[in-house]
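So that you can tell them apart, the chains are marked A, B, C and D in the order they are listed, and the count of residues begins at 1 in each.
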Amino acid sequence: MSGENDKNIIFAAKFQSMHTYQHEVKYYECDRMGVTHHSNYVRFMEEARVDWLDQLGFGFEKIEAENVFSPVISISCEYKHPTTFKDIIDIDVKISKMSETKFEFEYTMHANGKLVCIGHSAHCFIENGRPVAISKRLPELYKALVELSA
Amino acid sequence: MSGENDKNIIFAAKFQSMHTYQHEVKYYECDRMGVTHHSNYVRFMEEARVDWLDQLGFGFEKIEAENVFSPVISISCEYKHPTTFKDIIDIDVKISKMSETKFEFEYTMHANGKLVCIGHSAHCFIENGRPVAISKRLPELYKALVELSA
Amino acid sequence: MSGENDKNIIFAAKFQSMHTYQHEVKYYECDRMGVTHHSNYVRFMEEARVDWLDQLGFGFEKIEAENVFSPVISISCEYKHPTTFKDIIDIDVKISKMSETKFEFEYTMHANGKLVCIGHSAHCFIENGRPVAISKRLPELYKALVELSA
Amino acid sequence: MSGENDKNIIFAAKFQSMHTYQHEVKYYECDRMGVTHHSNYVRFMEEARVDWLDQLGFGFEKIEAENVFSPVISISCEYKHPTTFKDIIDIDVKISKMSETKFEFEYTMHANGKLVCIGHSAHCFIENGRPVAISKRLPELYKALVELSA
């Protein structure tokens, strides 16, 4: 029980100290209009998600080593302001929804002091081609995600 | 007035004869899980939209020649089934929403007889950095879009 | 022996009838200068190579089903003329070098009646992490490649 | 004359202190074989070149502000070892050839203590659609490049 509490405290502390992910826009990511092509934000979201899970101690390779895969169910982006070559995009990630089988991230992206994009992505977990309850299959991760979504 | 009717008939006829856009999945579009990386569907949507506007007679270069740009305001994808290398994705495009300043496309994608992805994208028109009413600035296109969204 | 001859005749005939691969430049493939980003030609070369091997009857999946992989050893591109959105690039593929363990493709790309790029790629075959002689492991493909490189 | 010497000393000092560019391989940069897709190295080379010119004080935007563009004439890559998701690729850039109208970069890429790729890219300068002598149009940059290629 106190072990439980300790872990919660550890996750809370981890979360407090988690850094914002940064992506610097590359030349090849800009389009004919001179701005970051809109499809690339979906890739920046993946980069930020990978980094966020790493910081939490549940990297992709750790999850995949359990033979569990986490496909993307849906994504969305609202573009608020264009960015361009060499802009630094700060991406803050948080859990916006959470159930036993599905969880959703929200990405808030800023550059040059402006909100540039808000993104969402929803994910489930798959083992041997079938959806699994995260709470049962990866209880540690589930606990961490629930706590962070509180 | 009858000229108006004629045009409506022409658009209706055009729309009837518009073909489904096809994208064959490339090797470099597949990821470590062996499936089409989810970010690429946003690019397939752009390809289908470009083709759809071309078929309608309002290609990107025609619109840009008017010094009008049409940025993407938002996009979303619901992934229903994975696809992989060499799959042919059939993409049907339709106008799902329409106002004087904004319009929205819906993309229904099938491969191997299965629904693989449903996408949406919303767009506005910009001239000299400011939003313009499509109905006033590009009345012909507006008329065509309204009709097709009916 | 006559079976051998027949096959040679079949390959020669196949080669005669092989079509040029075409890539239409996508909006998202163009950069801030308004031209096709140079890195994309390496992808067009892969597309053309996949198509060429398919036409020859040795598709990637057929080779990979033998548990043999064919990594890229080297690539090069000489850019002769820029291309842009909606340009159709015609890509002609031929075998430019050939040994027991290595083969090289040459790609000649034209658009709008101009030579736009000349590319090369070299490949070997790998089985269980080790290079294998194509002549022994995939004798049919070896024969076809030798013949076409003559 | 001594101003000349000072500049040379400044460039030499700059060059001494120039850092190696690092690219961390992203999930979406890996292909079906689980390794970094070969086309992406051409993009990593561009990233490293942009960073190198920035460190030297001749960023892309500074050159483009002079209305001078620097298209890629040719590129090549020799792939020595595969890399994968999360690998850190160290990219060292140097001038490997230099003339009044053309210059060539060499990129040496290491990851996990192994040589993974050697790349080359050649560039010229264009103003109003015509090649210009770097020595005349951008004498400061020319001097820096000559010195660094010595």
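Throughout what follows, contacts are C-beta pairs under 8 Å (C-beta built on N, C-alpha and C of every residue); 3 or more make two chains touch, one makes a residue touch a chain.
Note that the structure is a prediction, hence the values are computed from the model and not measured.
With centres defined by CA atoms alone, the chain at the far end from chain D is B. Although chain A and chain D carry the same sequence, what matters here is overlap: shared residue numbers make up over half of all numbers found at their interface. With centres defined as mean CA coordinates, chain D is found 32 Å away from chain A.
One finds 28 Å separating the Cα centroids of chain A and chain B. Chain C has its Cα centroid 38 Å from the Cα centroid of chain A. In chain D, the residues that reach two or more other chains under the touch definition are 27-28, 39, 43, 46, 85.
Those residues of chain A lying in contact with chain B across their complex are 33, 38-40, 42-43, 46, 69, 71-79, 82. Across the complex, chain B meets chain C through its residues 26-28, 43, 46-47, 50, 59-61, 85-86. Residues of chain A that touch chain C in their complex: 27-28, 30-32, 34, 37, 39, 85.
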